[in-house]
Amino acid sequence: MAINYQHILDSICEEVKDLLPKGKVADYIPQLSAVSPLQFGIAVYCLDGRTYTAGNAHTRFSTQSVTKLFALALAFSREGDKIWSRVGREPSGNPFNSLSQLEYEQGIPRNPFINAGALVIHDILAARFVQADIALLQFMRMLAREPGLDFDRTVAASEHQTAHRNYAIAHLMKDFGNLHNPVEDIIYGYCRQCSITMNCVELARAASFLSNHGSIPWDGTRILDYSSSKRLNALMLTCGTYDAAGDFAYRVGLPAKSGVGGGIVALVPGELTIAVWSPGLDAAGNSLAGVTALERFTTLTTRSIF
Amino acid sequence: MAINYQHILDSICEEVKDLLPKGKVADYIPQLSAVSPLQFGIAVYCLDGRTYTAGNAHTRFSTQSVTKLFALALAFSREGDKIWSRVGREPSGNPFNSLSQLEYEQGIPRNPFINAGALVIHDILAARFVQADIALLQFMRMLAREPGLDFDRTVAASEHQTAHRNYAIAHLMKDFGNLHNPVEDIIYGYCRQCSITMNCVELARAASFLSNHGSIPWDGTRILDYSSSKRLNALMLTCGTYDAAGDFAYRVGLPAKSGVGGGIVALVPGELTIAVWSPGLDAAGNSLAGVTALERFTTLTTRSIF
Amino acid sequence: MAINYQHILDSICEEVKDLLPKGKVADYIPQLSAVSPLQFGIAVYCLDGRTYTAGNAHTRFSTQSVTKLFALALAFSREGDKIWSRVGREPSGNPFNSLSQLEYEQGIPRNPFINAGALVIHDILAARFVQADIALLQFMRMLAREPGLDFDRTVAASEHQTAHRNYAIAHLMKDFGNLHNPVEDIIYGYCRQCSITMNCVELARAASFLSNHGSIPWDGTRILDYSSSKRLNALMLTCGTYDAAGDFAYRVGLPAKSGVGGGIVALVPGELTIAVWSPGLDAAGNSLAGVTALERFTTLTTRSIF
Amino acid sequence: MAINYQHILDSICEEVKDLLPKGKVADYIPQLSAVSPLQFGIAVYCLDGRTYTAGNAHTRFSTQSVTKLFALALAFSREGDKIWSRVGREPSGNPFNSLSQLEYEQGIPRNPFINAGALVIHDILAARFVQADIALLQFMRMLAREPGLDFDRTVAASEHQTAHRNYAIAHLMKDFGNLHNPVEDIIYGYCRQCSITMNCVELARAASFLSNHGSIPWDGTRILDYSSSKRLNALMLTCGTYDAAGDFAYRVGLPAKSGVGGGIVALVPGELTIAVWSPGLDAAGNSLAGVTALERFTTLTTRSIF
């Protein structure tokens, strides 16, 4: 029996309403703190092209750490397994911006989804492209089939002004020899990367190649080979949701990547991608309503990978 | 087209031969160090009852940490989500026997598969059963459909004599109030638990309820409900292979639990379980040939969960 | 001009009165928590034999960690610099009962005044004497010129029942090969050691050999050679007051050793020893009124070593 | 009987000769690595003005971390105890450039002699003076009675180019709100501070106010009050020689401050200051021959503070 996705999304939208005021909107820059927490959007993109939406699925938001997924895909597609000499593949077991672990492990970040790892990935892109941030934006425009995607320059400037911890991380890696470009360039480009805005529909579509074993569903363009695509999904599952990856796998059971803007993108291999957005965060920095929505989705559809 | 499992297992058996001398047999007790590293066994148990084997699939070995999986299943089936007030669900990001993290996190182990967590699970069983170790043995006999399973009392005695670090862990948790039974009892019972011997066929069969969404395939006995079964699989994926869970998910892409005796059990939800054994370990404490065999298995069968 | 010690002690006694209710009495065993915090004693022992006292200077209290000083002196006098292969000489920079640092530094305690180090010292004594605790008691009786010193067996028994963290520390060191006797024996003996009771007069007298460059002032018996005696004083200064050694050196400026029973012994090399006691502790576990009293003493007498 | 200092210094000079090739010259910048390790100088400055020298006592060297002592004295003399709200007074128990501890302790450095603490002190000076580095240079010229003291601009520039770890530390403190001036300014000024060159005679003279209870011996100018001067000495003893402060107190028994240029200044309160220099370092980053020379000095003169 076919699953009625529209019905499920509508139900979830209703169910999470009470949670919206309970999350805590990121407040380290004014642009994020000004977003109303009473918003929730959800979009499902099936590999046959059908798209289902509910709530604020067409409102753009700051994707923030969700961009780490696309940056990794771009770097991985160009450099292959070479990237693993500079960044690990293990869950961090620590808050996402910890310097202690980075120092203990000699400047090699635990995985590409903590800030340190994302800075290394940006550094790899910066060695490959004239402008890493623009190369990434163009890659994401192509994946989302949406040439209008863009940086939010006000957000990027604000992030840059408060990027002290990322500077600390970058300089520490520089000291260990694991950052090849100038610190200033990488931080600037990374702040731009994090400022890219998308809505749920665009985000679900942009990640669809990962549920399609590496190729874009509508035209077959291969981004990653079959095996690499599966491996990237594995990384999302073990490392994609900050220090709550174990709990997320337990509750939701899907590969996913989250951001402090309140967005999360997840996927059911071979079937669909799903994007949720709600700005209020839980203690681990993931969207409070978003995680619950995904948990309800896998329960109602029985579509966990386990 | 049906997969020819027998052919695949035979190929794998051939492929890993060169790896056998390269692993390092666990040497902290004489009984483990005396095992020849030049052994390799593999068994697949399909949910329809078909079983495929190759190599030393019928040789019993010391299951060690693999028993943590069955102890958790038993505790979870009896106590449900209550257990999560005493043990977490996050990857540890540290060697499996670290006290630092346990101290920092106030005596709450990161997950049930590190030693600290397994001791808490044993403590929970000890509060529920007259003899936790015997209750667990009987549970595993039932799951493996093999009444002959037993402790190896010599191994248990040896483990007990060198259990200083586990004593340290248990006393630290006692200090934090997270161990309810006497330390001595828990360490003794846990050493017995770890000494249980099985072969690959028995191990693959014993875990089959986890790939069958919680019920024993041959008689339908429900061990865990659908959701709990999936969640236990998620835990295996994020935490089941010591500090190499991320790498294992990346390379193999299946929920699994390993032990220093060289055994690993893994599963494809809804299809099959697979057990491998080879005593030589890699740097992370997982069977060197075993991990490679599983990686080959998912590549040859394209049966990863991602 | 001669210092009027009696006048100074009387003044101090008056000055600290308001502080007495503000300290927090140790409460991990009933015997310590039952002691009234409104007590304060102080005694000065000059090397020429003159003794000055004020307040409850003749009330016996539980010396606890102060005994680590005498245990170290006994071990050092018998084994010399050999002991430094098993315990360090650096401040810990961490709470006195931390396991993290001990694990990171492979079972070698930072110094003989944290619990781990004191257990190693007890282990060294246990290898040398038939009964380490009794040998230490007799040593302290001789130093204090008081054959009536004794264990408080009720305190020792209570300590033993709640010694989980010390058990954890001892087992961890056993695992690293840095504890030679059975864990049980060392913990039992160490709990007895900590239970020895003294009053301020006895304590000041017992430490007088350390301000007399190693020999007992009244009969010239040499306990330590000149150089060793100075070195033990240096250790007291850098490591004697838990994680507050830097602050204590800054405020008081004398070598000292404190205990959770509220006692502190300090010394002015070549001149005198001083013992204070008040059960209320500050956040670092040192006697609140005691530290202030010593700070006032060095200010009023200008007798700091700096 | 008067001590024959000249004889003692000559003896020491002879004794340490064999050690000179065994130290390891700092090599993180070319200017330091180019210095010949076969140099050793020593100077004693008595409070009555007599000066004794031996070896290369008149050769200038890079003072590096020794300047932290003078920067602290300047900041302390102007701001008093207010500085302790921004930097602690405890030994670090960790290598001098660790970020882990700084992160764990929320951006408050353990003491003013680790790099993080010295950056905070520089930040305090930068808020007080138009140019902190020049104010410090002038202060040191006055203390050393030597208007020719100066920065080594080549060293400062080299330090600045490799200051990644100090940048990381400064940005981390900025993130915690414990750095008020721009990171770039503080790092630049701090590199200049570290580049100041002195010889042993100048260094011994410059520190003489600290052995004279706070006032300059030749003209009575008060730099610090009696109590503050003693307290600064206490800090030198517990924190002045990196992670080897405990060992240094044990072996030498004098307040001291060392630098990676191979210089160490120490003092006997009320009597004299002593400066040694030899570029070869031990594992803790202190001058190998220098520490041994000071140990011999206190043994031969029996002038330890203990």
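We call the chains A, B, C and D, going by the order they appear; numbering starts again at 1 in every chain.
Note that a residue touches a chain if its C-beta (ideal position, glycine included) is under 8 Å from a C-beta of that chain, and two chains touch if they have at least 3 such contacts.
Model, not experiment: these values are computed from the prediction.
*Asks:* In this assembly, which chains make contact with subunit B and also with subunit C?
*Replies:* Correct list: empty, since no chain touches both.
*Asks:* Take the average of all CA coordinates in subunit B, do the same for subunit D, and state the distance between these two points in whole angstrom.
*Replies:* Comparing mean C-alpha positions, subunit D is 56 Å from subunit B.
*Asks:* How many angstrom lie between the CA centroids of subunit A and subunit B, rounded to a whole number?
*Replies:* 32
*Asks:* In whole angstrom, how far does the Cα centroid of subunit A sit from the Cα centroid of subunit D?
*Replies:* 48
*Asks:* Would you please write down the residue numbers of subunit C that are in contact with two or more other chains?
*Replies:* Not one residue of subunit C touches more than one other chain, so the list is empty.
*Asks:* Please give all chain pairs that are in touch with each other.
*Replies:* A-B, A-D, B-C, C-D
*Asks:* Tell me, which parts of subunit D touch subunit C in their complex?
*Replies:* Going through subunit D, the ones touching subunit C are 88-94, 101, 110-111, 226-227, 229-231, 233-235, 237-239, 243-247, 249-251, 253, 255, 269, 299, 302, 304-306.
*Asks:* Of all residues in subunit A, which touch subunit D in the complex?
*Replies:* 98-100, 103-104, 164-165, 167-172, 174-175, 183
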